[in-house]
């Protein structure tokens, strides 16, 4: 089959490579000419402009956008003049699904089809395949099936569940038509919200173990802090790289993210390459806002999101005001920076 | 009545002053001789040692300890040799109520009585009176009634509730025998847990208003951060000192802590005197641990407590590990420190 | 001054009464004719229709809407045909401030002014005054000043803060022009978010004390539940009505909401009139969504909101799925309903 | 090697079977004679009493206790009279690690060794192996190595990490000596805390998707509830069994627990076998309490724990009090049970 790819960053380039390996013809475009040239050397057809891209694709066209979510609308504005009724635009990036619903309507009025695809797999997708969550019209999604199948990990990527044979479909192959416009990015959004929660679960737990030697540290007694009541309970120097490793086998919490934890701790046990400022990229926020819209509790995902905000000190004003209140009612002055949490 | 006071810090000294104003005889002791001398000049009887203190009190003695929680046990060890059966030791500090239960048993074996008193009021107590939460044997607590009444704010400190006349007792006067040994510090512990939650509620809300101008700040578009979708919604420069002030009158959230917020914001609108490292002094932690023991949810108080831990960067390792995981699965490198939360 | 009032529910009727007491002329309208008649008997001018209302007001008109947030837009659609350039429409209800921004723009195109007023005070406002948070154009807000002053509690409702005389303005009187369109409902929104957090703080703490007798209840030992390690720590029967009462005087957590807690516990110590299904009415949700938009942590307010969702069993599916997972990995069957939390 | 096994429930029986398959001699005892007989038929040596068990084991003995945590101390009291210096007692259950520290000291005074082993794997352990987290004296743990190796899943259970060859040890085989007495159950405790967080992450996310059709449900407008602002955003009927299935391949959140989610949703898409009362068995609670002891934030794990408490309605009193407060300040009466969350 044939696909036009717009946006050849890390993700777009690797998806193109995976399609080419499976024999699909890829016509590629990126603002950075070098990115186009690099993939051309690997067999893709390079395009010098959006117009050129449209011209090099057979009709009806299928175009896969892999650009930052904030750039999709302007890209659609530039692209659509070169498209014709029946063409399909696929947004494979991290768009907010609300935008999908709006865009699908806008494109429909010009006879164009829109498909939203949430993609998980990151830098590992080229090798392992991408998990694809797809939203759009049924017939259109089915027309693109070979492209999805080529990107996805395939059924062999996980053991078959007993009884699954009674429920056929593509889910077992690693891609799924989740519903109408927006459903793909909605499911991907929630996927990422869950991801935030799982990641936070591991780091909270390991942070506790990291501090399990607090009883060895001295503590002063004053009226502002509470001493560790049982220092004997916190005398452990735990090797976290080994703990992550042992959990990878047979434990209830084994997972791909745990594999990454084990890998990261093995490579850099003190994590000295990182300062601890954790970005968040939209889906976590939208997941929380959807939960609030729907009136369903999401305390775990919210806590995970807020921990990322806190890692960037976005509550500095709030903390200062807490200190100011404590000063007002108790004459408490702030303590100087401590050596470690044991001292709080 | 007569009371021996051990520990003449901020709290102990002011309580002594309040008793003296109400005509009670105070014999006072502190490791710092100047503290004793200062109160002696205000009419208290100074003691040079614990033995001297015990000697200057009529029997059965009543001794009020106002020392850091971590110092109570050693103080009891030094003090009890000078005491006699029937004497009463009152711990007016911030002890963990588990310790009260233990200490009451230990002292009982020597014929001594123990009373635990949780005290709220801080630096304002001298003027407004102290709210007292009391645990211990009924007869012993009743014997000390004049001392409690003298410290407490009195019924006039709040408007009488309709129907309250049918439920007599001291609660309306600002002191309460809450139950057996430990009950006073238990109720005070939970009081402080609630205090953490209320304080956090105000600062979270005001922090949101503090950032309500985020839409005026520029935002770059990249694949790591999500742009503010509706900058027009965040174009407000809110005067928080005025907001706190207006809420003091007629609003549902008026409170004494809000008075302090308004005062702090009025004095120092940018809170430049504070760095935002917020201490916690035991009761918040114990409240959470009690909730967990009992299997009752306490997400608000827990969140307030954790925000204090975070203000002291106790999750630094966890944040670094989050960054490491993001690097492993997505090749995400940490972003440099941002100018403000709008940019995340 | 003169004001037209649309919506004579609990809030609208009492605000009318308060204006009338201060000598303002009120022309009133409501879909329910009896509500109009009732206020007419108290001296208001009744209107039979929106057209009638508009005809009975001098120009430029000031109209105060006190209708459910979901009904404001349709009401504006019906009302504006009867209005003329220079007229002012005030939304005193609980609108989302996003809507204020939009409506102000829509009305401006017809020469009409819009003012948003967040109002706190509930059923107590008639007697104590309403705390008013106001958004809109400066000149328009100033024109309405007598109406705001009449509704507000006045400076005497709280003690003056030291130094406040240097910062003049209306905040001390209980009403505040917070900023441009939307600012009033924004500040009210956050006010309610804080309110959720404070309310949750009290009930969490008191719930812990409510269960402080868990050690008296028997516990069985099996592999599914953990026994209470120290039953001796939970042997207390705490009188919560008395605890709330004692906290009202001198404690750090005294507040108007605590007064209500004390009142509620006094009237109905077992709270038998309530089943525990707690509504939420928009502002709490919007506060959390604003925090998420802005990237600032709001764990306490979020937790308080989610507790309300949970009180209405909105996580039932989630809980069932948790049970299903436990069954899958451990063969754990669900336990039957317990007698009390001590048994978990 | 030889091992005595006490406690032949689900876990103890399967561990015995796994040892026997690897050629170890198992002498087994349980209060229920049938359990002993069943394993005897599979080749184990049955014991009629603890004395009989001790007599049938060569010296120095190794005894593996697999009994409920609450029964370990009494079991040790009954067992130790039959033991001799040099014997090893292993607690393979879910003991609190504080108890391990105490017990190790008590047994040491009698010349006995104590080893604590946290075990993960549940009903799947027989087939897949058990992940073992071990605490105790180095030499003693090493002596037991063949028993641990036999239980553990083995290196082949997960792909080797690049660079792991430079860090030898048993972690790769699925068992780990984590540190001195208590370290095994400490690491297992945190493992379970993480497990709570991960499980909650999945169910929160899936619960959001479960409600993604809320926009199709009707909503009434009143002043107590907020309408769904954009019903068009919530028109999705998501097949959660398929979503869980697709995430199993290539997604960032693939895990063993996700496999179980997919299995559970496939077997019983409406989860009709479950009421949603979720037990918690100690480790989650202790993890939170350790975090609080150490002053490190654990909001995600805490939220997950509290969600379980809430699933058992342990905050009923708190919710009633919230309703009572709302009634006091706003005259809000409780709404009747709703049809669904969309209506809140």
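Letters A, B, C and D mark the chains in the order given here, with residues in each chain numbered from 1 onward.
One rule holds in what follows: contacts are C-beta pairs under 8 Å (C-beta built on N, C-alpha and C of every residue); 3 or more make two chains touch, one makes a residue touch a chain.
The structure displayed is predicted, hence computed values, not measured ones.
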Taking each chain's C-alpha mean as its centre, the one farthest from chain A: B
Chain pair with more C-beta contacts, B-D versus C-D: C-D
Chain A and chain D, separation of their C-alpha mean positions in angstrom: 28
Gap in Å, rounded to a whole number, between the CA centres of chain D and chain C: 42
Chain centre separation (chain B, chain D; CA means) in Å: 37
Set of chain A residues in contact with two or more other chains: 122, 200, 202, 204, 206-207, 211, 229, 252, 257, 263, 280, 285, 293-299, 302-303, 306-307, 309-310, 312, 314-315, 318, 329, 341, 344
Touch list for chain A against partner chain B, complex: 9-10, 68-71, 93-94, 96, 122-124, 199-200, 202-204, 206-207, 210-211, 221-227, 229, 257, 260-261, 263-265, 268, 271, 273-282, 285, 299, 303, 307-312, 314-332, 334-338, 341, 344
Chain D - residues contacting chain B, complex: 252, 280, 285, 288-289, 292-299, 302-303, 305-307, 309-310, 312, 314-315, 318, 329
In the complex with chain A, residue positions of chain D that touch it: 97-98, 101, 120-122, 125, 128-133, 152-155, 157-159, 161-164, 167, 169-176, 178-180, 182-183, 186-187, 190-198, 200-202, 204-209, 211-212, 214, 228-230, 232-239, 241-243, 245-259, 262-263, 266-267, 287, 290-291, 293-304, 306-307, 341-342, 344
